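Heads up, there are several structures right after this.
Note that chain A is present in both complexes that follow, paired respectively with chain B and with chain C.
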Partner chain A sequence: MKNGLHPLVMIALVAGVTLLGRALPTWTLSLATIAASNALIALGIVVLARTGNVSFGQGLFFAAGGYGVALIANAWGLTDAVAQVIIGAACGGLLGLIVGPFIARYSGIFFGMLTLALSMVFYGALVKSTALGGSDGFNVGRPTLLGLSFTDPREADFMLYAVSVIVTGFAGIGATILFRSEFGLASLAVRENNLRVEYLGISANRVISINFVIAAIFAGASGAFALMAQRHIDPQFAYWTTSGEFVFVAVLAGTQSVAAVFVASMALELVRSFSSLYLPNTWQLVLGVFLLGVILFLPRGIGSLWIRKRRKRSTIAANAPIAAETGAAS
Partner chain B sequence: MNFFLTIVLDGLIQASWLFIVALGLTLVFGVLKILNIAHGSFYALGAYIAASAVTMVAARGFHPGIGFVAMLVAVALIASAVGLLLERCLLKMFYGRDEVVLLLVTYAVFLIFEDLTKLIWGVNPIYATQPYELFGNLEFAGLYYVGYDLVLIPISALIGFAVWFGLNRTVIGKIVLAVIHNEEMSVSMGVRVNRVYAVAFAFGVLLAALAGALTAPKISMQPGLSSDVIILSFAIVVIGGLGSIEGAAVGAILIGLARAASVHLMPEAELFMIYFIMAAVLVFRPEGLFKREMARRI
Partner chain C sequence: MDHSWRAHWAVLAASVAATSLAPAGPASAQESFKLGIVTFLSGPAADSFGVPARNSAQFVIDQLNKGAAPSPYEKAGFGGIKIEPVIIDENGGATKQVQELRNLYQRDNVDVVLGYIGSGDCLAVAPIAEELKKMLVLMDCGTPRIFEEAKYNYVFRTAAHATMDNVGLIRYMKAKNVKMDTLSAINQDYAWGQDSRADFIAAAQQLYPNVKIQTDLLPKFGAGQYGTEISALVGAGSDVVYSSLWGGDLQAFVLQSAPRGLPKRSQLVFSAADHVLPPLGEKMPDGTIIGARGAYGLMSQKSPLNDWLFKGYEAANGVYPVQAAYRMTQSILGLKAAAEKAMSKNGGKKPSTDELVAAMTGLEWPSPGGLIQMKLADGHQAIQPIAISRTKYNPDLKRVDLVDIEYFAAECVNPPPGVKSIDWIKGGMQGAKCN
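Presenting the complex of A and B:
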């Protein structure tokens, strides 16, 4: 695939967005942090959706990452932001490694239901475990970075913003490279027809498992960000409506473009915060109408706003069946 | 022995209303192939409407029995109208799209209904306890039960039988079964599939709302009701097999018993148990307990 930006250009973009945070007002900064963190987990869902499977239980890994980080932070006093992200990703990834191979045998609606069931098992266990604060959860301290602690709230917000944008940005670049790789194309093939892929000598289960673990790592890291931003964790992290929101972002974005995931996530956060500011009792209503509107008018997601034209010119011949289905599959 | 009986009875009482909710969910999935997340919202809608109807009747000093009938009639009328309206004006636009997209459409409906119920009925708990004393207290093998709870069991069995009979022994039911089985073929045989869709969806909404109405006197209506119910009925239909009525019945009894048993034996494991059962069933029989395996299309 020739189209798309060069990785170096993308790195420059990430750096640009990070520095832009210096100029943004504080309220946008924390909003953008949450948007970047949600984009990361939604990116994982998009990665997985390219194999044709949609996970409704990413909250499982989100909560696993969050709780893992929170417990280690409180037990050993580890507050470094970068270390916390790595721990979160590791917690999510390890759990994904256990769950992935076993869940890869299922497809379609059963895949979604099973992931949902697993996340709700985790939720049920968390709510009732008094050692972890039950349904109230518990608090953790402010994150630090490389030994520096930030007392000025604006500096702390910017630090968190920078870390989350850089991590999410690099995850996005990694995902773009992955999508263009042989493995990424094999994932698309699995979605089209997993039996044929098996006959061609590639293990479809392995492809799904690996994508699943990647999604779990992203979700775990995202859980770490959510924890650092809220400095509080509770079982709501694993509840099905939380997972639903991430699928929501992924569907808004569509599976065609990585950048669309960030745009969709930011759009969702903006809609949410503005409607909760001006219409405090009806923000879910606004969100629902917004979602219906996007599904109706942009069936292939926000990404189709700028991807469509390019596809038509260059790769429609090669990708015709894929392009026809990309929107629907998410 | 008494302890065991308590669990079984409590489980059956739970199962009775869960079955009605799950029956609607499984029917809608069978006919329209939509896993309806908004189903829990219709349950909550029914419960809220019932509460309003009961309170209105009670305020005029009528007998609670009239309140009971009034709430069922009000719920049946409003729920069917809401169901028809939603299917004709909204869902219709998304047919032919991916299962997951339709699931998200119903998720959007769920979000919208969450706020609509809050706007209409507020966020404070609402009660409608008058019909609860309607059937007095009954003694059963040395245990005392509220009559209303026990009456739910035959009501639910009756509804289940009526649906089974309607589907398997009437012409309309046979047509619905034909659409479930093979939509294209039914169209070419002259079945108006659009109409079947609309009626089936409205009927599903009606069942959810009826279950809400029947349980309204037992519970307090407050926000969050719908997301709890949908997650339970999901577990039931997945255990039983999506689209299977027998499956919904067995799933409801299983989940009802599991809930009752964990409430009595280990209250901390309630939610955990339910999803543990669901995950276990999915692992060994992904199609659910009551669904035949389908040939894989290449």
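Presenting the complex of A and C:
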């Protein structure tokens, strides 16, 4: 990965995208907030996929983050956006810490199905809990930032946009550094042959667990963003179709580029929004054709649009097989 | 790996095309009234509620634009301004609905958004419209929580909430001397089912103080198979079996319970069932007590307005209008009444959001299902009359007729302002005005 961008360049890129929000039309701001939030959780799936495991139940941590933030906000009136992100990440991370070590012993389809099952158990419990509004969920107030409350809709949208882009951007930079680190390479090795990794003196379970917790933290923070953007939470956050959508974003993006996750997430939101406006009866079909198109013509994801050239010169295709595996598993 | 750049460009071009399709701006905002309509076009609620609502919206808007509606709605469009509908699908969950609501207001520049059938969707979109200071008219969703847990200025609901359905059923049973010493219930395990069950049981305990609850079942939403549940209900043999099932679930339950003799053992009572009468036909057991969430469809009272909707809708769609079609119609007519009231005050200009909101607050208007009065939640929540009846299959017309129809005034089955529905029922339904 000698050709990778320097972290400072990436920070400049995040700052640029944040400032771009001043020029964007208002409706794109909330769309981009949701896209950034989805990108964050999909990034977690990509992190985990490097160990060869795909989680179909990220909705569990997404909902845990969302409900955690919502309950604390309603009980203690804590509305600060940054604090809510931290709470969401902590809720997701704690749950990941409990679940991760158990689930790390499984791999492949068993891993995927177990994560799916756990998220559906959580979903079932939420639907039955009438104190939390059951299947209808409940509302929370609008977020503030550092004591400032935003009454102008555009300013409020921009604040959320900025916070979500910056947090997701830094998570992306962190992930890039992680991928290039010793630990990140060990994760790849676990996917290739976990027995050999164990003989080298590294615990494969530990590697998977740590990656699982990272994915859970990202999912929890993402749940906090989704909650802040829509001010409402319901058990749908934990439903399997929600989790499936995040896996789709990851498949769409491929695992070659962190930036691709953001592009894929934004493209998916745009296609969904415009197809539902212009083709209200067949928007799901359009969405499906779009996904099929990307899978057929860009099997390594949207990232291969700009990673391709660079890769030709590079001799080691370290990340390449993962894309195929993620695609096959879903 | 060389899939040719053409494929890549195709994807890129598609995304660019998608972005550039964004409408340019509010160029034609003055000539027409842009009305966003949100209803289920796919998913489990589409056939029962969403599509009938869409069909009636198309029929009513077409008629209004032509100036073909009867008095007092004979003016074309909204006070002469043409109505331009933008219809989108409610399916896809609350996250998508919140996003699409923002897009309707901020990107597509609609003047008012009207619709929503799912209670979860209504709860999610209401605060967003309030924040954006845009008018939102909720059409059908049942949960009383929307205005009981929060206060809104820009949000209205033009139909009564679900409390009326269950209070009406109990009042009907009492009026008709239906015996209910024992009661069993089967409801879906989600908010609508849980809330309906709580309301019905609370109201039953008021008017039938000695009622004993036997089997209380909560199968999951969309279960479709009710073999075990029916065995339990037949085994209990209660006087009354209550259910708030709807759509495909209700049809499946009726079809599976009839051969097992459940309708012969127990009096079946359904809170929202008129929408399954056309598909079920003779399979619907005679004598079932049903509600329609209003005086709708075959239970509607004769009036020029009702004839216009019933006959016009039937001619256009080949089936008579039921609950959702009526609720869509009454919300569009309410918005028209509000728009024309606002225009009579501002000199005939297209009304601003604030003028519309002021005109809609506390408004009353006639609809095919009776008089709608925005009486609750400081003039933001409607009350309306309800009808309850029994089914009787009519072999000549090959349709289920509704007999023994009983009408209840709006203030007899709806709580008074400022009281939470469940507290009102449990407190003995104080202040109800029944004739």
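The rule is simple: the second predicted complex is superposed on the first by the 314 of 330 C-alpha atoms of A that agree within 3 Å, B and C clash if a C-alpha of one lies under 4 Å from a C-alpha of the other, contacts with A are read in each partner's own complex, and residues count from 1 in each chain.
As a working rule, contacts are C-beta pairs under 8 Å (C-beta built on N, C-alpha and C of every residue); 3 or more make two chains touch, one makes a residue touch a chain.
Just so it is clear, the structure is predicted and the values come from calculations on it, not from any experiment.
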Request  = Identify whether chain B and chain C fit side by side or clash on chain A in the overlaid structures.
outcome  = clash
Request  = Go through the superposed model and pick first if A:Trp240 touches only chain B, second if only chain C, both, or neither.
outcome  = first
Task = Scan A:Tyr123 for contacts with chain B and chain C and give back first, second, both or neither.
result = first
First (chain B), second (chain C), both or neither touched by A:Gln284 = both
Query = Should A:Val251 be classified as contacting the first partner (chain B), the second (chain C), both, or neither?
reply = first
Ask   = Touching A:Arg191 in the superposition: chain B (first), chain C (second), both, neither?
value = neither
Request  = Classify the contacts of A:Arg50 with the two partner chains as first (chain B alone), second (chain C alone), both, or neither.
outcome  = neither
Request  = Please indicate which partner A:Leu114 is in contact with in the superposed arrangement: first for chain B, second for chain C, both, or neither.
outcome  = first
Task = Just name the clashing stretch of chain B against chain C, choosing from 218-226, 236-244 or 272-280.
result = 218-226
Note = Contacts of chain A common to chain B and chain C in the A-superposed view 127-128, 241, 281, 283-284
Contact footprint of chain B on chain A as seen in their complex = 54, 102, 105-106, 108-110, 112-114, 116-118, 120-121, 123-125, 127-128, 193, 195-196, 240-241, 244, 247-248, 251, 281-285, 287-289, 291-292, 295-296, 299, 328-330
Query = Can you list the residues on chain B that touch chain A in the complex?
reply = 35, 37, 90, 93-94, 97-101, 103-105, 107-112, 114-116, 118-119, 227, 231, 234-235, 238, 242, 268-276, 278-279, 282-283, 286-287, 296, 298
Note = Listed in rising order, chain A residues that touch chain C in their complex are 25-27, 30-31, 34, 127-128, 130, 133-139, 142, 153, 156, 226, 229-232, 234, 236, 239, 241-242, 267, 269-274, 276-278, 280-281, 283-284, 290, 293-294, 297-298, 302, 305, 308
Query = In the complex formed with chain A, which residues of chain C make contact?
reply = 1, 3, 7-8, 10-12, 14-15, 18-19, 21-22, 41-42, 86-89, 92-96, 98-100, 102-103, 106-108, 119-120, 123-124, 126-128, 131-133, 143, 145, 149-150, 189-191, 194, 221
